[in-house]
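As written, the chain order gives the labels A, B, C and D, with residue 1 at the start of each chain.
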Amino acid sequence: MVRTIIFGVTGYTGVELVRLLASHPDAMIAGGSSRQWAGKKASEIFPSLRGGYDFVLSTADDLQGVRADVAFLALPHGESARFVRPLLDSGLKVIDLSADCRLHDPQMYREWYGPHQDPEILARAVYGLPEIHRKEIAQASLAANPGCYPTSVILGVAPLMTQNLADTSVVIADSKSGISGAGRGSKLTTSFCEAGEGFKPYGILRHRHIPEMEQELSLLKGDRVRVRFSPHLIPVSRGMVSTIYLPLKGPTTAEVIRERYETFYSAEPFVQALPAGALPDTLQVRGANACHIAVEVDDRTGILVVVSALDNLTKGASGNAVQNMNIMMGLNETAGLMGLPLFP
Amino acid sequence: MVRTIIFGVTGYTGVELVRLLASHPDAMIAGGSSRQWAGKKASEIFPSLRGGYDFVLSTADDLQGVRADVAFLALPHGESARFVRPLLDSGLKVIDLSADCRLHDPQMYREWYGPHQDPEILARAVYGLPEIHRKEIAQASLAANPGCYPTSVILGVAPLMTQNLADTSVVIADSKSGISGAGRGSKLTTSFCEAGEGFKPYGILRHRHIPEMEQELSLLKGDRVRVRFSPHLIPVSRGMVSTIYLPLKGPTTAEVIRERYETFYSAEPFVQALPAGALPDTLQVRGANACHIAVEVDDRTGILVVVSALDNLTKGASGNAVQNMNIMMGLNETAGLMGLPLFP
Amino acid sequence: MVRTIIFGVTGYTGVELVRLLASHPDAMIAGGSSRQWAGKKASEIFPSLRGGYDFVLSTADDLQGVRADVAFLALPHGESARFVRPLLDSGLKVIDLSADCRLHDPQMYREWYGPHQDPEILARAVYGLPEIHRKEIAQASLAANPGCYPTSVILGVAPLMTQNLADTSVVIADSKSGISGAGRGSKLTTSFCEAGEGFKPYGILRHRHIPEMEQELSLLKGDRVRVRFSPHLIPVSRGMVSTIYLPLKGPTTAEVIRERYETFYSAEPFVQALPAGALPDTLQVRGANACHIAVEVDDRTGILVVVSALDNLTKGASGNAVQNMNIMMGLNETAGLMGLPLFP
Amino acid sequence: MVRTIIFGVTGYTGVELVRLLASHPDAMIAGGSSRQWAGKKASEIFPSLRGGYDFVLSTADDLQGVRADVAFLALPHGESARFVRPLLDSGLKVIDLSADCRLHDPQMYREWYGPHQDPEILARAVYGLPEIHRKEIAQASLAANPGCYPTSVILGVAPLMTQNLADTSVVIADSKSGISGAGRGSKLTTSFCEAGEGFKPYGILRHRHIPEMEQELSLLKGDRVRVRFSPHLIPVSRGMVSTIYLPLKGPTTAEVIRERYETFYSAEPFVQALPAGALPDTLQVRGANACHIAVEVDDRTGILVVVSALDNLTKGASGNAVQNMNIMMGLNETAGLMGLPLFP
């Protein structure tokens, strides 16, 4: 039984880790920290835990002393970094859900996020997107769990990056995210009355997930890729759709592209290339560790549109983190992750 | 042209006053205060005002110096009271949307809200529910605009209080409110992710609107009435339904009761007694100064159920406040208030 | 491995059965029927099944020929009854999620639903609410899975029926349900634009779940109980709250009542009596086979209010049906049902 | 007083026309047709009309005989065309909210919509987007009210079409619409449970609004423009955002672009070019005849992003139609259209 500890367990990615690990056949939760509620029982904060999985919330410092095999850092960026090295030094595998370990280039981190608390750990981290880096993850002690937007965009275009089907040097990604992506907290902009019956963009062309997408897509392409990225808020708790635009390089058909996607993802348990006629819907992946992808082609205007959908808290965060844990600990990669989505 | 000033104009009842007054034929906004945004233009906070109605937000203290005929206090309870007397002394009519002037009994206020800042104003206030107190309102300088729940409950049972059709000495009111009723602010419980795809009760049997309902229903009945009141949060911005249970006093039919309601409200422009077969729906009153009421009778179990629906920000707050203004200033009572609901 | 077949697998309770059975350790789906989509693969209708659980949809008639141990009837009332006897005759255990087997009295069925297709099966059915009828269920071949409203109301007041704490002869139940309770189909009243940003009652005092509640509560009390029942539609997919009003029989405290509830449900894995200060929230049970119950007492007005919350598709339908299967087949009662809710 | 008749008054654009015309100072509704509910009073279908505006619904044929100055056709495409010529022949001004008069080229109509019932009327129609065609509209007897998506996209890029700031020959428009855009009707895909807590694309690259956008943008540019268009469904009733991507032609700044927009729209009462730092939000235009536009520039990737927001039923349909009526009848263009949005 793999023993896990979760830093920041009362945030939304933390709670989602609890949901997934509670039904994981080979892992258990040995402890969780909460800055706000340390000392209370988890079930006092989340009544859903009553009668089932429960544990006392601790401080992050106390949690470091708990015997465990794997640590999940479900903390905001900037707060995660300082825990990484001590945990690694204690022999734990570390999976960081914040942005603190995702960028290989410390200078890039500084540009987009500000000073890094421990830039040397960047070199020790593997970018934890299993569909792209499965082998490195299996060897790694530190996995930087991808951002939700990057997961949806990278999985969306990965099959094309080494092909000559579309121009992948500049990627337009128009993304829409459920509100849980903004984290658990009290902000006017994500209050029900300001976000609940509306739709709005934010951070157009400036979102911090951009460098992460560019890093990974450039690696895949073997050449520099730039991303034009516009995020929007959907009035739902969970769900993410990225609609991606790539100019075709020449006449082709959707069938050719779809075949490429099916081949690329044929062995992947969590990525589905949808058949002709189907388009993704966040309701079909809600709560599941799944990413659905469809492609459409318009020869008339020479464009390829890719649409990918996932649950920003599951395949976009905690589900993917458990997938990383499975790989890093030599477990079955799908263990605890085959749950079907909550529909409707 | 009636000149109005609005204290707390950037809260939800304040914004709703702006919406209604902006298209009022006989009134205008001479100024508005905002603790948080004083000094900014209103359109900077509410882009919806761009290109139309706009004004500079002031402090509450500065606003007291603006020449005006009517002051709306759209402030939280406890913050309203201190402005009432100075404004009255300056010759303005005052309409207080907070709870600070609603209870006639200072002791009652203290029990449910705590110390009152100026208890003597209670004696000068009229309870501003026009369907019940129209004549006093016409004579008043100070109207205490009712709470949203009390409006829905009082209008729901007023036609029965002097009748012998049902036992009205103890009223069960099960109410459901849109989230804007909680005010504009950043609270975890009203954030989208905690309130947006769920439904939950709060303040069961303890809500501060209870004494106000009991005061008014007792006055109507001429005898003591007690209210068993349970509020719940609906995941919508606007809308309120109160489902009210009253034991029948003897065999009767829904037709008899409906006729009573139709008679009672026949001259009311803003209250509709629905015909047999129709039940209220908050979507039919969204944004309108309207209250829809239906009654159902079950002889089998001897119960009368009244369902009333209104928009908590309009007939439940700011629309009713404008109605009060119209009456107090001798305007046509329906002026500026005949707008149809936003459907869908 | 228990082999199950699901009639009406593409409706919402059918899909929920698939979700639960897909991760059940001791059961599997041997087939499912769909009137509309027979012949297609389930994953064509529900893309969420792609890459995981999939099967070909059959007609109901064909499904009867599939070898299985348990049949779930996830059909509308009136359509279920004709399958019951043949399936029982073939030796299957039958769990009927429709209303066709719930009422013991054929005359009562006729009054509320119309003619019954096979009234003799009523005598062979056990009312499938495990917290009340666990022992009979264990012996039964045919379980009538309760309606969602009855489950929330019966569990809500069961601990009081044999006590002298409150008057339980007439129960007022004000219930609110997510829209999936209306079934999968295209109706104007449950379209997004007519139901999505509003709140409305329906079927006040006339809902067909009333006789079922009265039957079971009368059995529990050992005397006739009548229910005054008002259902409403919440603009969420899943979730149900019943707010129940019972007059106190004399002075008591919430503590006494809570203690009674805790005792009554202490051994129940799926019912939680919440502690003082906590109120149920549908978000804490979404997708979980759980019912959360809180009680509040108001000595001032002599009332006891019970609030129960559950997911109408899980503990209110398919989760409870799987619980019945577990009991009927001698499996661990909690097998496949310990999944935590989807929060947020 | 301008007398208006509305064909298809019980659909969503019809109801919205009623809402707007009911408070119009210079226009009145002389009648409305409804295929489904002819013979009933409008208030039976829309209880919101009780106590205010009401009228008897007629058949479309009967409505043609009602004396009026202006006819609004709020019918589905294909059903509108046959009424146009008779109404024009009777001397009415006609405003067609369907697609039947929007395309100048009959061949284009046939390609995207199928056979046209009266292709000769195409030549008599003016494209009714006042910000672009105000002068022709003032002279016209027949205005083709634009589609909601085209309005948001055309207004979004119109200021750039004659400039050398960005490459406008191929426009990528990623649009998101509230569900009322799908019309009033019972479809599984727009039922609450299938659309209410999710987000999904539809008609990627194939939507029928494409030729309309291309026609108008080509006219503005004086050269062929093609549009790559992807629509999505937002789980709200009303609201539309188009996020538009145009490659920069050279180094420029957002300030330069914003200045261009402010100049272009400076005299427009219903279009607001937002200042730096502001992004549109559908909640700020809900129910208002307004379009808010923001621009962002990224020199790093050489892209200009325009975001436009409007209410698909108001500026995207019925509000714009009333604006056309005002212009065609020589009324003040803003008459009846200055209502502020419903916020929150």
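Here is the rule we go by: a residue touches a chain if its C-beta (ideal position, glycine included) is under 8 Å from a C-beta of that chain, and two chains touch if they have at least 3 such contacts.
Owing to the predicted nature of the structure, the values given are computational and were not obtained by experimental measurement.
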Legend entry - Between the pairs B-D and A-D, the one where more C-beta pairs touch: A-D
Inset, instruction - Give the label of the chain whose average Cα location is farthest from that of chain D. - result: C
Inset, instruction - Could you give the separation in Å between the centres of chain A and chain B, each centre being the mean of its C-alpha atoms? - result: 45
Inset, instruction - Quick one: report the Å distance separating chain A from chain D, using the average Cα coordinate of each chain. - result: 38
Legend entry - Where chain D touches two or more other chains at once, by residue number: 12, 180, 193, 196-197, 235-237, 280-281, 286, 344
Inset, instruction - Could you pull out which chain A residues touch chain B in their complex? - result: 12, 179-180, 184-188, 190-193, 195-197, 235-237
Inset, instruction - Provide the residue numbers of chain C that touch chain A in the complex, in ascending order. - result: 12, 15, 18-19, 22-23, 46-53, 180, 197, 237-238, 269-270, 272, 274, 278, 280-281, 284-288, 290, 292, 338-344
Legend entry - chain C - residues contacting chain B, complex: 170, 172, 174, 176, 178, 193-194, 196-202, 204-206, 226-228, 230, 232, 234-237, 239, 241, 243, 245, 279-283, 286, 294, 296-298, 300-303, 305, 307, 309, 344
